[in-house]
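Both complexes below contain chain A, partnered by chain B and then by chain C.
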Partner chain A sequence: MRIGFRILFSLMVCGSLGQAQANLTDLSVALYAANPEAPAPPANWEVYRIVRDKLGINLKFTMLPTGADGDNRLGALAAANDLPDLFEVRSLALFDRLVQQGQLAPVNNLFSLMPKRTADRYSNTRRNLLVTSNGQIYGFLEPVTLSRQYGIWVRKDWLDKLGLKAPTTLEEFFEVAKAFTERDPDGNGRNDTYGFGGVIDFDTAGILPGLGLGNHFQWVYGAYGVAGTWNYNPKAFAANVREANFRKATEYVRRLVEAKVIDPDWVTMRRADLRTRWQQGRYGMFFESVGGLQAGLQNFHANNPNAELLLLPPPKGPEGKSSMGTYSSAGWLYAVSKRAMDAGKGSAIARFLEWAHSGEGYFLLGWGRYKTDYTLPNNVPTVNTQIPISVRGSYTQMRWLAFNGNPLEMRGRYPEISVGGRKYVMYQLMAQAQRQGNWIDRTGDLIVKAASNQADLERYVSENLVQFALGQRPINDSSWNQFLSGLRNIRFEQYEAAAEKALRESGYLK
Partner chain B sequence: MLLPGLLYFLIFRYWPLWNAQIAFRDFQPTLGVWGSPWVGLQHFLEFFNSYYFGQLLTNTLVISLAKIVLGIPPAILLAIALHETSRRFLARVVQTISYLPHFLSWVIVYGILLAMLSPSEGLVNSGLRALGLEPVPFLTSTTTFQPVVVLSEVWKETGWSAILFLAALLSINPTLYEAAAIDGASRWQQVRHISLPGIMDVLVLVLLLKIGSILDAGFHQIFVLYSLPVYSVGDIIDTWVYRQGIQNFQFSLATAVGLFKGIIGLVLIVVANRLARRFVGTGLY
Partner chain C sequence: MKKAMSRSDRLFEWGIDAFLIGVLVVTLVPMWYVAMVSLLPFGKSPSLFLPPWEWSFASYAQLIFQPTIWQATLNSLILTFGGVAISLTLTVMAAYPLSRRELPGRGFIVGLILFTFLFNAGLIPTFLVVKDLGLLNSYWAVLLNGAVSVYNLLVMKTFFQSLPESLEEAARIDGANDWQILRHVVLPLSRPILLTIGLFYGVANWNNFFEPILFLSDRNLMPLPVVLRDILTGLNVAEYVEGGAAQAAPAEALKMAAVVLITLPMLLVYPWIQRYFTKGVLLGSVKE
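== the complex of A and B ==
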C-alpha cells in the first residue's frame, strides 16, 4: 500500500514537473561578446535558473565573436535559415538583407508588453525610423550609451620636458609632433619615439566611420570641416571626398607622414599594436578611447613611471574649424527572427527584455554577482577591480541588454582609479572627451543602404587616399582630378543619389 | 574499405555541388535553394564587370604562378640534399626544422614578418638604418609586397613540399645508384640521370594539382598580410569575394565566383594532363 502510494506520489511529482517544463519557452539569444577577454557564462550561471523560475524561459545564450567574424557567423546562420530567436546585429548591411529576405519579424506588437523598457529606450520615433521598413519596426534600436569617447592624448611630461605647450591648431600639432620625434623626449639617447600614433580603423564603437582613412584621422578632416562621409548641406549634398578641403586634409596627413612624425607602421598596424606601443611609451600623442586608456594605464605607468597624460581638444584648422569626428546617437540593435515570432516566442522575448531593463535583471546582467563582481557603495554600482576581467567578464557578457548609459552607471563603469601615483577620474575624462570633441552627429548615415558594389567603393576611396598620404602618388591637380573622375567608374554617383534620396525621405536632410 | 572514402566524397564533395545552383539564383534562405528565383548569369556578370576584375585576375595568377615556379625547385633541392647526405642524424634534424614552419598559422608568420620587416622596429630595417640606408616598407610597398608574399610562402612550405619528393627519391631502386657508381658516375651525374628522372612522376603530379588550383593564390596568407597601400598588387579573387560576397552577405555571388574558379581549374587540369601525357608520358589519370 505504502509502496503504491509512493509510486503514485512520484508519478504526480514527475507529472507536475513535466507540466512546468512544458510551460517553459525555449529562447535562444545570440549577442556579441561584451567582454571578449572572458569566456561565456558557466552552465550553472544563476541567471539561467532565475530566468527559468521567474520568467518561464529556458534561456540559451550564445556569444558571437566581435568584429567581422561575428557578422559572418550571423550571415552563415541566416543563410541556413537558422537565426537565433533574439540576436544582436551590428552590420547594417546584414540587417537590411535580413529585412529584405523576410527573416526578421516586426516588433511593433512587443512594445506594449514591455512598457518600462519601451518608455525609456524605444520611444524615440526618429531613431526607430532607422530600423523601419514599410511602416514596420524591425528591431529594438537602443539609445547610444557610449559614444564620442575617443580623443588625442598627449604626454604632458614630454611637453614640459621640451618646454612646449599643448597644441591647439594643426600647425602647432605638427611642430609638437616633430619635437616629440626628433628631440628625444624620453631621454634614452635613442631615436625611438614618434609624434603621433594612430591606425586605419573603421570600428563603429564610439565613432561613426566615414569613407577614407578611418576613425583615427577624422580629426584632421574635422579641422577642415569635412569629417565623415557626407556633406549634409541641403542645397549641395555630396560626398565629402568631393570637397576641396578634403584634399587639403589629405595633404596634411601626407605632411605628417613625410616628416616621419607618425609611426611608419600606421597602415599595417592593428589597434592592439597601437595600444602596445603607446603603453610602451613610444608616442608623444596617440588616438585612443577612454575605455582603451583605462585598460592600458597599469602597463603604461609601469613602463613610464613619471608619465602624465592630457586629453587634447581637436586641433583647429586654418579656418578655425575643429572636430574629433562623427558619431551616431543610435546604440546597439537587437532583432527578432521571424521563426521565433511565428513560434509564439514574442511575449517571452518581451518578458526577458523588460526583466533585463531594471531591478534584479539589470544588476545581474549588467554588473554580475553582487559582492563578488561589484558592490553598491552609496547605491552606486561599482566594479570590483580585484576580480580580473577574464573572470568577472563571464558574468556580464549580456550587459549591453541591461546598460542604459545613465550618469550613475557611467560612474560605476568608469571609476576613479589610481595608477603610478596618479589619479584618473575616468568618468570625468569620458565626459570631457564627449564635451570638448565638437563631435558631429551623423546618425542619418545609418539610413543609407550599402551599395551593391560597396566593397569596391570603399576600396577605391581608401586605397587612393592611403596612396596619396604615403606619397605613393603625388598630390596635384591632375592626380586629384584623376582620382575624383575615377569615382564615376565605380558608380559613385548612384551611391550618392541613393544616399541623398534616403536622407531626404527620412528627414535627416532637409 | 572503399566505402568510407566514397561516402566522404559523396557527402562532403558531391552533395554540396547540388547547392552550387544558388550561383544562378537570388538565394533567399526562407525560400530555400529550390524556391529561390533564377537570375541566370547575373552574379557571374557582376563579378566579370567588377571594376577590379582584371586586376584581381592578374594578381591571382601572378602570385599563384610565382609560388609554383619559385616554390617547387627549392623543395626538390632540399629533398635531394636530404637524400644525398650520408649523415642521417643531420638529415633528420634539417628535415624537422624545415617543415616546422608549415604548422605555423599565417597570423604567427605575420608577426614574425612584422618583427623582421617593419619600417619602425624590424630587424632588417634596423640593419639598413645601421648601414646609413633608408628603411624599406616591405609590406606596404607595391614593388616589394608580392616578393614578400611569394618568398614567405616558399619559406613556410618548402620543407613540407620536400616530403613528397623525398618519398619519391627513397622509392628509387638503390641498385641503380650502385651500378652508376661502379660505372664511375659522379654524385652530380647520379642526381641528374637517376634522381631527377626518378621523381618525374611525382613532379608532374604535384604540378598538375597546383595548376588545378591556380586561382587559389592563398586567401589566408594574403588576408593577413595585405593592407590598403598594396591592394593594387595584393588583392586577389578570394579576398575580393570575402569583402564583397561574404561581408556583404551576397552568398550567391560568392558561390558564383567559387564555381567560376572550379570550372577554370577543371579545364586547366584536363588540358595540362593531356599535355603532360603527350610530352612527359605520364599524367594524373
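== the complex of A and C ==
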C-alpha cells in the first residue's frame, strides 16, 4: 500500500513537472551589455532558475555587440526574420526602419499587463510619441535619469588663493578664467594653467548637443538663450543658428580663445585628453559629468593634494538667461518582434518586464547577488567594491531593464566617497547638477528625422563656428551673413521646415 | 677583386640608404608611440619619449587580469589555427588543379572565382546562407565563411604553375597519381608559398572582428579583438560609472596596451617565417 502510494505520488510529481515544463515560454532577450568589460552571466545564473520557476519563462539572454556593430547585427537578424523576442534598439533610425518593415509588434496591449512598470516608466504620452506610428506604440521607451549630470567644475582652492569669487555671469567667468591663466594659481612659477578646459564633443550621453560646438560649450549659448538646435517658439520657430544671439555667443567663445584662457588644443582634443588634463590640474574650470568626475577623482587628488572642487551654476548672459544645455528625457528603448507577438509571447514579455521593475527582479538584475555583489545597509544598495566590476558585472548585464533612478538607487550608484582626505557625496552632486543647470528639455528633437545630408549640415555649421571662434574668419555682418546664406546651399531650409512639421504634428510644438 | 664604386654609385647607394632609413623611421615612430603611450602612468600626457623610470604597466595588468581575456585568447587561437588549417587546405586543393593545363573548363572556373572577387554577395545574403546552414553561433560560421581568399588562391595557383613540369612528369613515370604528386612533389617544394599564404590567413583570422560579432551571439565564443574592444568601451563609459569602478590606468594607455597585446603574437611569429615570406610572394607573383 505504502509503496503503491509512493509510486502514485512520484507519478503525480513527474506529471506536474512535465506540465510545468510544457507550459514554459521560451523568451529570447538581446540587450547591449550594461558592463561591456564583463562576461555574460553564467549558465547557472540564479535568475534563469527563478524566472523559469516563478514566471514560467525559459529565458535566453544574449548581449549585442557595442556601438554600431549592434545595429548591424540587428539589421542582419531582421533580414533573416530572426529578431529576438525582446531586444534593445539604440538607433531611432534603425527602429523606424524595423517598424516600416513590419518587423516590430505594437506593444499597446502589454501596458495593462504590467501596471507598475507602465505607471512608473511608460505613462508619459508625449515621450511615447517618439515610438508611435499610425497610432500604435512600437516600443518601451524608458525615461532617462542621468542625462543632466554635466556641469562646469571650478577649483575652489585656486579661487581662494587668488581672492576671487565663483563666477556667476559670463563676464565674471571671463575674468576668473583670465586670472587662472595668468596669475599662476598652482604656484609652480610656470605659465602652465588655463582658465577653462572643454572639447568639441557631440557624444550625446543624454545631452542633446545641437548644431554647433557640442556639449561643452552649450552653456555659452544657453546664456544667450540659444542652446540646442531649435528655438521652440511656436510663433517664430527657427533654427537657433539663425538667431542674432547665436552670433553673440560665438563671439564670446572667440573672446575666450583670443584671450588664451582656453586650452589651445580644444579643437583637436578628445574627451579622454580633457580628462587627463583636468586630473593633472591644468584647468581652473572644466566641463565634466559627475560620473566622469567620480572616475577621475583618485588621480586628480594624487596630482593635486590640496585641490577642492565646486560645481558652478551655468553663468548668466547679458539678459540674465542661463542654461547648461539641452537634454532628452528619452532613455533606453526596448522593442518586441512581431514574430514573438504572433507566437503569443506578449504576456510572458510583460510578466518578465514587470518582475524586473521592482522587488526581487529589480535587485537581482540591477545589483546582482545579495551579500556577494551588494549589501543593503539602511536599504541603500551598496556595491561590494572588493569584487571587480569585470566579475560582478556579469550578474548585472541586464541592469538597465531594472534601474529606474529612485533615490535609494542613486545613493547606491553614486555613493559618498572619500578621496584625498575629502568627502564627495556623489548622489548629491548628481542631483545638484540636474537641479541647478537650468537644463532645457528638448525631447521633441528626437522626433525630427535626420536630413539626407545630415552629416553635411552638421559639419558645415560646426566647421564655420570653429573658424569664427579661432579667428580664422572675422565675425562681422558680412562674414556672418555669408555663413548663414551658405546654409541655403546645403538645403538647410528644407531640414528646418521638415523639423517644424514633425514637431507640430507630434504636439511638441504647439 | 671587388671593383671600386664610382662617386655617383656611392651617392646613389647613400641616397637609397637614407630613403630606407626614412621609411624605417616613418614605420617605427607610430609603433614606438603606441608602446610609449601604453606605458603611460596617470598624470602624464602622451609623448614620444617617456623615461623608463616613469613606465607603468598598470594598463597591461588591468587588461590581462580581466576574466574574459584568457577565454578570448583561447578562442582567437582556435579561430586562427583552425582557420589557417582549413583555409590552406582548401586553397591548395583549389589552386593545384587550376594550375594544371589539362583541367577541362579551367578558364571558366577561374572566371567564376574571379567573379566572386569582383562582386561581393553582401552582408544580408551571407548571413542568410550561414543561418540556413545552421552555423549561427558556432565557430564554423567564422571559419568557413570566406575560408578561401581569391587573391591567395590566385597567388598559389601561379606559384604551382611555376614549378617545372618535368618534375611532375618524372613522378608520373614512376607511377605516382595526382594525390601522390601533390603530396610528395608539389607541397614539399611549396613551403615558401604555404608559409606566406598561411601567414596571410593567420593574420586575417587573428584580427577577425566583424564576422564573430555578426555570427556569434554567445559571449564565451568571442575572440580577443572583440573582447578587448568591449573592455575598452566599458572603461570609457565614465558617465555611467558605478561607485568604486575607477580604472587603474589612463584610457589612452589602455587603448594602446590593447593594440600592443593584439599585435604582439603576429609580430613574434613574423621573424620565424620572414625568410620564406619574400621568396613566397615573389615566386607567386611571376608567371613564366
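FYI, the second predicted complex is superposed on the first by the 412 of 510 C-alpha atoms of A that agree within 3 Å, B and C clash if a C-alpha of one lies under 4 Å from a C-alpha of the other, contacts with A are read in each partner's own complex, and residues count from 1 in each chain.
Keep in mind that, in the parts below, contacts are C-beta pairs under 8 Å (C-beta built on N, C-alpha and C of every residue); 3 or more make two chains touch, one makes a residue touch a chain.
The model shown is predicted, which means the values in this text are computed figures rather than measured ones.
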Which of chain B and chain C A:N72 touches, first, second, both or neither: both
Touched partner set for A:L376, first chain B, second chain C, both or neither: neither
First (chain B), second (chain C), both or neither touched by A:L408: neither
Contacts of A:V267 with chain B and chain C, given as first, second, both or neither: first
Touching partner for A:A80 - first (chain B), second (chain C), both, neither: both
Partner chain in contact with A:A33 - chain B first, chain C second, else both or neither: second
Touching partner for A:N453 - first (chain B), second (chain C), both, neither: first
Contact breadth on chain A, by residue count: chain C or chain B: C
First (chain B), second (chain C), both or neither touched by A:Q467: first
Chain B versus chain C as contact partner of A:T62, first or second or both or neither: second
Interface residues of chain A shared between complexes with chain B and chain C: 72, 75, 79-80
Chain A contact footprint on chain B (complex, rising order): 27-30, 32, 46, 50-52, 114, 118-121, 135, 137, 139-140, 142, 227-229, 231-232, 235, 240, 243-244, 246-249, 251
In the complex with chain A, residue positions of chain C that touch it: 42-43, 45, 65-68, 71, 123-124, 127-128, 131, 210, 213-214, 217-220, 226, 229-231, 233-247, 250-252
Residue numbers on chain A that touch chain C, as the complex places them: 30, 33, 35-40, 62-63, 65-67, 69, 72-73, 75-76, 79-80, 82, 146, 149, 205-206, 272-273, 275-277, 279-280, 289, 291-292, 294-299, 302-303, 382-383, 385, 389-391, 393, 412-415, 417, 426
Interfacial residue positions of chain A with respect to chain B in the complex: 68, 71-72, 75, 78-81, 91, 93-94, 97, 101-103, 194, 200, 263-265, 267-268, 338, 450, 452-456, 458-460, 462-463, 466-467, 470, 472, 489-490
